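Can you keep this structure in mind? I'll have questions shortly.
Chain IDs A, B, C, D and E follow the sequence of writing; residue 1 opens each chain.
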């Protein structure tokens, strides 16, 4: 595996690779997102219980699952940076944190806007909501640690430790709130034995989900190449690149 | 840059290809040298040239950007076996005495408590403590709280540990700061004695080490010559 | 054994003991069935394990299913009352099931409907016609994770009508 | 001073690398004793968080109103939140002074494993802040009309929970000790980690007030305690290495 | 197409506020993030360029000083 990974662990190669990948990601993201969103807003049928407010689902669910997915990938990057000293993993973790924070915030905002008409409240201290909020705090902590250290390398290590502590804590928090606030019980029982989603609602969701994931890819690529440049500013290839760009 | 090798002396510490980057500045690049028993090495260079960074890398407190520091390990029962200090951290630190800019002296404790804690923390014998205090001219102050001491006395409290230490590798960052003339010459004598019994000393100082000039004094000079782009 | 190995062994074994302790304690906790709400049957006949019954005037949290046909709304105001029964699978409502009436004044969440699981916070009280009841200060309904188009739901007999309020009703608050 | 030629006390003239026998227990008690000595000579550090604890708790009846029913319902939460904030306030002391005077880097350079020293420091911190909080809590609970059935639960949860606060807090301090304005950052990092302790502790006390068994919640807090006891020292050690770099 | 009139589309069956709030907030946040990430590239390149200029100046001044020292030496010698 190391042999295969090695060329990509070279910052210069990775920088050019992200540059090459970026337009592809961008076009695909634009295509999928526009199809998905138009479908979701105009053509998807309204839900039998929730009416048109159900359309929030198409941004809320992708945002929520991406916010967690990004955290998990950030934790994996943090782990490989701490254990195997992969420097680029640090850069990728630093690139992911703000994207994850933004998606967590989106999940929270859209969740609130959905909860108000459906549950009758903007906010309840339910397990998912609370753990999502804590996730936002963790992201903010990671970002703050990244910017608090002058030395990018140290910042990456400190943020990595926090990320890993958070990985252990998020499930604990989720389960603790679930025990503490048993609102969930009602829904799990009444849910059994019903169809989960009809196809004409599912397809726009799949498009939205892929579109948002690709958008995440685009933003992470954009930030990743910034981080690579910042961390390798004294390398000759960066110097040359800067000279070309500033002329 | 590399101190010449005395064939008989045993190798204690070896720096391989050290590169240090601080705040987007390359301080030194591909720095390699060996430290043998009996060596006294003075690291020279203008302010901000990376002297302290080099010493901290040698102690293992900081990690170099590239390269590694090796030491002679007994854990593997092989005299010629050099091991990375990060791998055998605890064993290396038994052989190491580091004295940094900060003295590590607690104002809330007395001189004696400070000294005995420092000695015990590093696993050394606390028997000769009274002698050590005499050596740094602090006898009579042992019950004073360290916060009541002058800057020089504060410094000497920390230095007293040098007289107690069994560690062969001494890494000293500006040991002569706030020390009077007599103290400086005492320390120089101590350094000589330490080198003669098979230890090594790596230090930074702006003092002219006159007393040591004729002995094994070697120099590593850091200047800005390296702070250019590298590949 | 050399001292280095011995120490490493000590560390590893203490970490393992720690993890073992965590696992044991968590398993124990799971077997203890932590719950913080009462079902209607627990209110009338006490908790299963301990037999503890809540007393009148105590703050409690009740969870259950809204009994179909039990929702009574005051046409003049936002007052509403409904009955809750235990959540059992499969969902059936029998005559003899223990039910607790919930009194509430306020706008119900849109997902509130008959047969839906809800949780209410309030105080336990005694109302002459209905016996044990809960004066709720908050009624929460949680959506389930099923979505379907209206037509399909109607075909499946699951038409949902959210509660509508007249302006007069809303003004009483 | 006739000391220019005095030799170090090492008699044999050979300073080859050595392997000393160092016991974990001695290292632990050495650091613990030192930290306790310093704290006892610097009493403000013990008294200030305790005063903060008392004052925060007395603010609630003034802010919410002295009605006994309301107070007894929120008492567990108030006591625990106050304990949490008092611990947060005292965390700074854990590594800050040692960091600024250089004794922290000396500890990191000692031949002992870092987690032993860290554990000793955290134990000292708990003895200095956690233990007094536990002793004060029943008195304050009286002021808040805590339900009579809950006193046992309050004490037990504090005994199991405050060490967790010290252990988790140490991770946050270790990460921020080298940062100049680390105070706000510290609370951002640490408070979210405290949530499970808070939830289970207050839930145990509430359950006790209803006369229901609360051993399940206690088991969870105990699990949190063992979990943080086994993992936090390593995380703290790694974080301190980063901070002193 | 689920909506016959544009006004239906806007009102979203009475949930318009919530639906458009969600989509609007999402669009706003993501646009800001993309703009910031793109601007970051220019920012970092300018930063490195500035750093490089400073370094060049430093090196020049050092060389001048060295030269001055040398000429002094030769003058003295």
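Methods note: a residue touches a chain if its C-beta (ideal position, glycine included) is under 8 Å from a C-beta of that chain, and two chains touch if they have at least 3 such contacts.
Nothing here was measured: the structure is a model prediction, and the numbers come from that model.
K.L.:
Chains shared as neighbours by chain A and chain D?
P.N.:
Looking at chain D and chain A together, the chains touching each of them are B, C.
K.L.:
I want to compare two interfaces, A-C and C-D. Which one has more contacting C-beta pairs?
P.N.:
Top pair by contacting C-beta pairs is A-C.
K.L.:
Of the other chains, whose C-alpha centre is the longest way from the centre of chain A?
P.N.:
With centres defined by C-alpha atoms, farthest from chain A sits B.
K.L.:
Of all the other chains, whose mean CA position lies farthest from chain E?
P.N.:
In terms of C-alpha centroids, the chain at the greatest distance from chain E is C.
K.L.:
I'd like the Å distance between the centres of chain C and chain D, where a centre is the mean of that chain's Cα atoms.
P.N.:
Chain centroid spacing, chain C to chain D, equals 37 Å.
K.L.:
Approximately how many whole Å separate the CA-defined centres of chain B and chain D?
P.N.:
From the centre of chain B to the centre of chain D is 34 Å.
K.L.:
If you average the CA atoms of chain C and of chain E, how many Å lie between those two points?
P.N.:
Here chain C and chain E have centroids separated by 50 Å.
K.L.:
Hey, how far is the Cα centre of chain B from the one of chain E, in Å?
P.N.:
That gives a centre separation of 43 Å.
K.L.:
What residues in chain B touch two or more of the other chains?
P.N.:
24, 75, 91
K.L.:
Can you list the residues of chain D that touch 2 or more other chains?
P.N.:
19, 113, 203, 220, 227, 231, 245
K.L.:
Give me the residues of chain C that touch two or more other chains.
P.N.:
Residues 34, 36.
K.L.:
Quick one: in the complex, what on chain A touches chain D?
P.N.:
It is residues 82, 130, 134, 137-138, 140-141, 144-145, 148-149, 151, 154, 157-158, 161-162, 164-165, 168-169, 172-173, 176-177, 179-180 of chain A that touch chain D.
K.L.:
Write out the stretch or stretches of chain B touching chain A in their complex.
P.N.:
Answer in residue numbers: 21-26, 65, 229-231.
K.L.:
Contact residues on chain D for chain A in the complex?
P.N.:
Its residues touching chain A are 171, 175-176, 178-179, 182, 185, 188-189, 191-193, 195-196, 199-200, 203, 220, 224, 227, 231, 235, 238-239, 242-243, 245.
K.L.:
Spell out the part of chain A that touches chain E in their complex, as residue ranges.
P.N.:
The touching residues are 37, 41-46, 51-53, 55-56, 59-60, 63, 98-99, 102, 105-106, 109-110, 113-114, 116-117, 215, 218-219, 222-223, 225-226, 229-230, 233, 238-239, 241-243, 245-246.
K.L.:
Contact residues on chain B for chain D in the complex?
P.N.:
For chain B paired with chain D, touching residues are 10, 12, 37, 56, 59-63, 71-75, 90-91, 93-96, 98, 100-109, 113, 117-118, 120-123, 125, 127-128, 131-132, 134-135, 137, 162-168, 182, 185-186, 189-190, 193-194, 197-199.
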